[in-house]
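Below you'll find the structure, written out as structure tokens, and then a few comments.
Think of it as A, B and C in the order they're written, each chain with its own count starting at 1.
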């Protein structure tokens, strides 16, 4: 298996694009109403802790991806079981992301086009880039991250005239329970999803820099989400924000600078979909790697196309309507994903630390009897 | 290599097939559609039907250049039905993404279910944009506003849009895009308003005019404000950007009317709370310049200026007070958003009075402080001197 | 390579069964070498160069008592006759071999004392002799000697050095390469007087034996890339090369990609600057186009003139080129997407005028766009082949008149003419990219007509996946293209002043990365 190495900067770019991806189209923390931005900040802190844990795991085993680490920690049999669970989880999440993106395109502008066409077109590109490998993915992200962040910043600057600070007050008006819920939701998707990068970004050119890459990526991605959330809230107010599916799209459609620079929401959606594409590719990559691992194959490329086709199939049969999808997405998903994002990594870290200590001790015993 | 070529050919064939067989879904030629510029919605009580009047761009039949307006009327059970019926009348699909204004009639505005269904239609449909201006017709029907464009070959919707964009220099109406209107309906602390549009008959032609405001209590039209009252309303909500303040000269024989042009205005709204009673404090600070003097008095010297400032402040205070009282007593609708201020500044108290805010609002005391500052006097430093 | 001449001749001999002596001779000596007998040698050469009337044999003798018989072989038209007469025949016929001591070999005496020429080699290899004759040299065979002399007498007519038509500059050197390899190498060599500049010859083409030359600067070039290039050149197995374009296609990294991963230029100054960046140049005989490699995407946008003009102007030019790339690929696609999918994005006055202009046009917008783009390509291709002034006149007048008439006849709408004209003109900002641009433009247009702006977006994503995935001799093709780091931006997005460009591009030259040494002019100025 040829190890594919990417640089720190490319790793950070991938994580940023991943975080910005679909989550900037749908605002997730709306249970906290006016305080959803506070929920994002809290979730960001939690996500940084998780990123730290994962970086620690990766630093203990710098040569391996998460699947290999699981096998080392849990043994061959139990390890395969956990890998299977993880692969299923990633596959399922990938389908959700695919649905997110295509539903957005479908509802916001191409309402007469069958969704399946958009899915196939998008998946085709994902298969392509995943087959080209992690290096191409890294270079692609590195190239596009600057324009995407630039566009988002411009979007925010142009929205400033429409902002109304009163939309945020009074602060902390919703109480503690919705707040915790909202924090959990934002954490579950996308901020806590760092675990996927222990699979996808398996090799960095500098071995020690997992802390830097994971945490910087999560931090910048989280801040961009926070700023987009604040912009939407400030421009639209909570009533409209919670009433529509695609807040950023609506905010962008309200921009009007001197009657000339207006109607730019399609540009904004295009930018967000660029990021969403990376997100989807990462899921496809990680799922394929999981499947390859289960079958004991060193290279994942042979399985990319079948996985992509399965994703398209599942996305068609999974939900009947966007209403059902949204309900599921908000009410069940966060609990479903919690074990994979937090519980397993903590267990793995504990076992890994114990193993490392033992091997170190045994080495010491051997060397100085 | 050969295999790759074969693969590519198969792929291209598949792609071509998809292209040929399925057609292009959202692909719509612009000349196969009618560009709707404005719509007016009426409600016919007898038949319980919605009447939609749409202004669209007339096709010039192959000639270059000129585009004119065309108006079509359709009926339907509800808004969407009426919209679909447009196709029958025009023979082509309608393009709603360039609609500028939506005019509703008084009948519609007084019926909650009609108003809600219109708003829902606008926001739900992908094509209609949320920044359409909403207008309330003061005429019998909303449709006639649009219909008068045919005669003059002018696009009424475009003219209305241009007018609405100039709110800052007229200040006799408060332009409201539809998303804001919906927001106001949904929000706790404020009730919506809609500017009213009139038809004016001059000697030569009919024209559309916008001034005044329709006052809503949430979703129901409860009353009107005229142009001057609307200006005071703008003063209260702090959205005044310009306009003219006309002072009657006080020395009856010496001076005539004086015009002050408003240049800048800031309204600070605060809540004073003592012993269970809420007072709304408005601090209005207006900067004006002298625009017109109808007499000989030299307002350039300090005392005269001061006097003028005081007069203006008094006038503003009176007008603002009048409009607040009128809305409180006659309409019982918090179009000023006082509730929002209370919620922001006294969240605990707000929880208590939230239920019967309408009553609280009616009895709400206001404390209005106005400060006027004259900054400049345009091009002239002295009034016109009349020779003996 | 040489073997097949031998084989062929041997076959011929066997079939015709003449001159058995020679055949015997060949079978005796494994190597294909000269014989002691002058007559036999002559007969051998005459058989090899059989039926070729351009080849001239000339016999003569030296002066004096012990006169030696000699003869020369040369190809008429490829040699400088005057030089042969004055520097070979005249000295040899005037020379007397009496004074030459018996110890010295006759051939050495010829080289050292008699023949006037700066380049003489001696060999007994018949293959080499034949090849030299065919490439314009003259060979001299002497009685009783098994070695012949190859004397450089190349002198065919060639085009003078002139300004290359395809790469004109307002400011900068006006010399261009010609079709002969040696003068081309001279043009490079005279710009770099440094022993580190290396030239290595290679012959490509089984039949044509086209001379190609690898140029690089030792110490700057990346040895791995050089090694890789050598291997790829050795792998070429083709019978003839007529232009460097053929070599380019035979050794390029992504054979199916429309993008070039090997650059070409007609200008020596461009080649020199590429060499100084650590790149390798490949000069091929018979064409003025010199290949440079590795070639990165960004080099499409780096014109030589950018470096000679003021850096602000150069930077603006470079940004313009990037913008031209965007316009040329995207304008038709975006226009079609906006007009047929996203009408809400166009300002109302504009859509009203498009609405008016589209009235009565029989074709759908996409078809209209494709027709006009093809028409433009036809006009361009037609104009390019015609002689200068007529070509441009036909191109532009034809475009104008046809455009005008098409609009009036309601075949196409007026905005479409503007779109196509804009596309076409911006095409010329990156003149080396015609092919890729054409492909991209059509692909984007088709995908945009599928899914509107999203289709266009998918096209862009695909394009960049492709660009990111190809490499040029081990270097990522998009290296430095999107970077915003100060060090890398200097010669990519903008053209920084020369005194700030202290380092060579990374990854290319890893041995000596300093471009400037301390105490340079820029520092003094600052």
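Everything that follows uses one rule, which is that contacts are C-beta pairs under 8 Å (C-beta built on N, C-alpha and C of every residue); 3 or more make two chains touch, one makes a residue touch a chain.
All of these numbers come straight from a predicted model, not from anything done at the bench.
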Central chain (distance from its CA mean to the mean of all protein CA atoms): A
Chain whose mean Cα position lies farthest from chain A: C
Geometric centre distance via CA averages, chain C-chain A, whole Å: 48
Centroid spacing, where centroids are CA-atom means, of chain A and chain B in whole angstrom: 42
Rounded Å distance, chain B centre to chain C centre (Cα mean): 68
Overlap residues in chain A, where contacts from two or more other chains coincide: 109-110, 113, 117, 259, 263
Where chain B touches two or more other chains, by residue: 26, 129
Two or more partner chains touched - positions in chain C: 341, 344, 450-452
Chain B - residues contacting chain C, complex: 4, 19, 24, 26-31, 33, 35, 37, 57, 59-67, 95, 97-98, 100, 127, 129, 158
Chain C residues touching chain B - in the complex, by the definition given at the top: 256, 339-341, 343-344, 348, 351-352, 354-361, 364-366, 410, 446, 449-452
Chain B-touching residues of chain A, taken from the complex the two chains share: 107-114, 117, 166, 169-170, 173, 236-237, 239-240, 243-244, 250, 253-254, 256, 259, 263
Chain A contact footprint on chain C (complex, rising order): 341-342, 344-347, 450-455, 457-458, 461-462, 464-465, 468-469, 476, 478, 481-482, 484
List of chain A residues in touch with chain C within their complex: 105, 109-110, 113, 117-118, 121-122, 125, 128-129, 132, 136, 139-140, 142-144, 146, 259-260, 262-264, 266, 270, 273-274, 277
